[in-house]
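Just below sit the structures, each encoded as structure tokens.
Heads up, the next two complexes both have chain A, just with different partners, chain B and then chain C.
What follows is the complex of A and B.
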């Protein structure tokens, strides 16, 4: 394992991607109205329930690990506020982004729980003097002028955009290391200063987010129909394919670049990380979910076994994808 | 899938649990996978040029670790192999050292030997103990570090790597890479080693001294790139005496004498970081805004640096540079050094002989002939003679210096021409009192010495100048104190009048107005025959009720009241050059020394009030007094152009700034 960037980095990058991807999917369901399609979500929509509620804790846990890894931040916590002040630093962008995103994610989760559990809604409204019963759907609203559903839509819209930004930021964070580790800054298109990792991590985050909320959560919820049709399968197949293409581009361009980047790619394909790559990422993260979703899409209905298998394998491969990128880092040749 | 008894919210916990489980699985799975992944053994690639080291995978300690680490990270194993305490210190490595950048290369990458056996003899066969030795570095270090630089400007360091590696004599093979960079694979980070090098040079100096490196090769610039923009001829030792602590600079020499305020300055207050700006060619005006356009950028060419901010005490040896300066010491700096002036010392630069020609080159009328036999002509000619070469003012500093030089013999006879009441409030020590309106009275004149210089003073310099002008015409050696008590004392109770504060900022024009129209000269009828007597009688009569000054506000209001019928005839008595720079709208020009010339008097109206002005009010007051004695209706602009315009170029002199704050006395002095 690398001396400076270890498992801790892989975990918090994974958590950042999973949490933001889950919220992005919940927001998608909220904004497209699928959350309220009663035939698919008769009582509780597992996608929005899980996606909105776990996002905040997961991303927050990732931030805690990030702070833990920042030795100086632990030893001298008063320096942490300084992280807000370096406008040109990618780290500062992320600090601001996370500072806004995490409370918003918790708020979204709370609103979703209020929607699902009227008793919680009533408990909250009793303590909010401006809360009223929404005459349109009978739910309580913490604001007089807005229904709970409308508030959720606003929060979901903002949170969804921020979730995409957080997912992308996990890639920006390490590609910002720049030329020190050429593999991390391998461009998406050769010779253009657009790194591949933000795109790869964004797609991977959406994929793992969908795996957690749609594949796993919806399958595990026994009551009612899982909110799944062909659309979810096609989306997932698109994400898996896109992730594979971008990962292939990353490796190919790393070879084209030569030097340390090529050595990293060589390590991944045939070297020290080859088993992690071929087994834990290609098979677990691409082949199994791809076959499962193709099968489910062909059947046109919910398949519990494919949902669980592809969900678990996608989430696990998402973790190993981050690990692989971190572990294969090689400093530029001196 | 979940038990139906479980409430929906348990799904949230399940999801979080799955996330946690995923991380746990990853942490368990990864080492197991890595354990079965074939790890490349580091080997050197030979036969290629330049020789390149293939990337070596991290050397993993613990299970599956290489043979080298299995022994060299274990004290027990090393002791078992016979290592004593000193050998242990050298051979026992921290496991973490394998995680450094160089440690990940693997032992045999740099040390050769055999990394696949635990047999001590076989493992150390062909071992290279110090791969950073100059003879080995070319094989083990340079293949990667083949682009070694000799200079590292960001660290201000020179590192003559090539000379160290290949240029050292046979008997001086002392510099290995590790000497400076440390055992990079054994726990010393290569970047940190650079920082250590730049932070302290004790190690470098100590090693050089130990190896008896010739002292001439221990010059600072041998290792350091100076941060200052200095010439190559100046080595660090030129200025710095401390060779151990650069932050504590002790100057060996300084090319500029650091006196007065300069002595307390830090280096970088003048020689700005980071490039030690303009160490050579440094001029005063780089720091001190030059208050005037004339002269060199290097102030010390004129000023001695002692009290150069004091305008009237410039420390400039004008007398040595220009002998006629003694006739001009009353003129402010910019009076001669005005913009565009070439600092020529030719009189014609300021005193063109053809003044009239320049004023009215083509329409020169013929003035009426002056009759030398009448009183007017006699007095005018006399005054013109008295004004030629007369120095009308003395500065407060010069007077104070004279009074306090310890030589009473050269002290002047000082007359306060202020009122008796104000004289008693305070006056210059030793001054007598003759109010200016009575200066020509016989009893007053009888008290004045003929063999001693007289200094008159008043409130702001104007009525004192009236008195001085009269006395000068009457044949006395007299000067007026410039700015009067306003320049001498800062005691408002003694001054009793408003001092000059600021210019009104009224407009000026540069277009010359030609004197064309002529007038009949006034007629004087005193009954006296000689010019001095005529002047005395005229002065007694004229001064009795004369209003000697008009304020700038009053003049401006008159000129701009829309009634041209009451406009005065405005006369500038400044030099033609300064008149050309700018003058009050409609003003004509006759220099004050020439104002009594009958040829010039012919241009002055006798049916219109004349307002004349000069620089600060003094020479204008001379001219006004002269014209008044000659029968003209005249007054002087108070404070002259100093009170009219705020344009320093037009003013062309140093305006009044502040009183000197010299002492006064209240004891009444009576002439013998």
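What follows is the complex of A and C.
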């Protein structure tokens, strides 16, 4: 089989994971109230601000790339709405999910910006026919019945659930090809018909989302003075380690399966893709972030150097992980 | 809730419904003999069979050449591809093309429903609906589909349906030099294909994929190919 999906598809999957992970983190901080703990999170909380505002554009950029990956659909774009019509196709589930998620992500980003910049809030609400001023504290709200903060909570909750769905969906799309690409449908544990890739891509999405919002945005925007939170960095260590464990499971099970799956695993560990795996995924995606997060867990927060190195290497390794999964696909042996 | 809120929601609902209806309308306007692949898997019985006798196949690739010429395929691409099997004592050739499955994963994964199963079991690609996402090319366990980069669509063996419907045989069958390809009607119990399938000599390839090949079947007499072989 000639390789069909290349870098465009890898980047699209990566952006889907990164954008959904970033929003998931923003939603997590919003819903747990971390964003409002005045003694722990300064008024402008970089995690929610960056996570909510970049999520929509990032995932939308991925969809643009998806459209460029198409053949006839790119030349005759009126065929693209047809992709919404076939309920048995995981790709159809995806376009529906993204169609709902992306506007919601943009909305969440807009609401967060309005909350952080009251003058922007006032400017928007004054122009909405259904906007009101809350008589209790003079703040503006887009809807009469709900304060801006409550609207944000609702949008964050729905957006957060959809973000997890988007992150998992990228793995479901790949593994749904079934027996044709044995490596992609390798199960997580031998007894359950649960493929590994959706779990792996979900963890990776959360990890890259954390890297973007916490390691990079929160650390750099606060110049290393982010609020301390050791538990949070231990959780990040768990994500990083969990991803390595699941990836290890994938390779181990692929070996056990034999055939094309084992050949894919061989290519990754010692063959054509081994440099990408060992250097760009294991070193960048595990060793460097692990060291950086052990430091952050110990001190309670990142320094700019640990945040930058952990965050950048985690994000990059997320891209290479998606590329590796696609590039290592081998058709079932006949 | 204000009247304005209601009309906003109304509009959004109508827009979504309108878009979905337009999409369905395009789908339903396809030719009458195309049906949803899911339904057909339960009710269809293929009318034809194309049996490949690997004990006679010499790997000469005449079938590949005839198919490439007939379909004017780009250099380096074929609907039929071959694998060398066996060992130094018993070498044989497995020529694989679209198996025209009753439960084709290519149809399941296609987001636009461009790939469909006909009443007579032939699986076709409606080029006008294909967006070229290439999902089907990954989903076929027999690796039987190609992506035509020039036209931007997925493509595969279509059983030379124009010749078959006119009472003839596909190009690959006509071109086969050692006579390893047998084509016939399954409706006729006395046809060679019916007898080969009824006797169990001709069997679907790799049934564990679960796709239920409905038209292609193989005569394979290599003990290494018993179920449980390499996969």
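Keep in mind that, in the parts below, the second predicted complex is superposed on the first by the 316 of 334 C-alpha atoms of A that agree within 3 Å, B and C clash if a C-alpha of one lies under 4 Å from a C-alpha of the other, contacts with A are read in each partner's own complex, and residues count from 1 in each chain.
As a convention for this text, a contact is a pair of C-beta atoms (placed from the backbone, for glycine too) under 8 Å apart; a residue touches a chain by one contact, two chains touch by 3 or more.
Quick caveat, the model's predicted, so the values are computed rather than measured.
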Superposed partners chain B and chain C on chain A - clash or fit: clash
More chain A residues in contact [chain B versus chain C]: B
Partner chain in contact with A:263 - chain B first, chain C second, else both or neither: first
Which superposed partner A:219 touches (first chain B, second chain C, both, neither): first
Contacts of A:329 with chain B and chain C, given as first, second, both or neither: second
Single chain C stretch clashing with chain B - from 2-10, 20-28, 92-100 or 200-208: 92-100
Touching both chain B and chain C, residues of chain A: 1-2, 260, 331, 333-334
Residue ranges of chain A in contact with chain B within the complex: 1-3, 7, 10-11, 14-15, 18, 22, 43-44, 46, 49-50, 53-54, 57-58, 113, 116-117, 212-213, 216-217, 219-223, 260, 263, 266-267, 271-276, 279-280, 304, 308, 312, 315-316, 319-320, 323, 330-331, 333-334
Contacting residues of chain C [partner chain A, same complex]: 2, 4-5, 19-20, 22-24, 26-27, 37-38, 83, 94, 96, 105, 108-114, 127-135, 137-143, 146-149, 151-153, 205-206, 208-210, 230-231
Interface residues, chain B side, partner chain A - complex: 1-4, 8-9, 11-12, 14-16, 18-19, 22-23, 25-27, 29-30, 33-34, 36-37, 39-40, 55, 57-58, 96, 99-101, 104, 144-145, 190
List of chain A residues in touch with chain C within their complex: 1-2, 4-5, 69-75, 79-86, 88-92, 95, 129-130, 176-182, 258-260, 329, 331-334
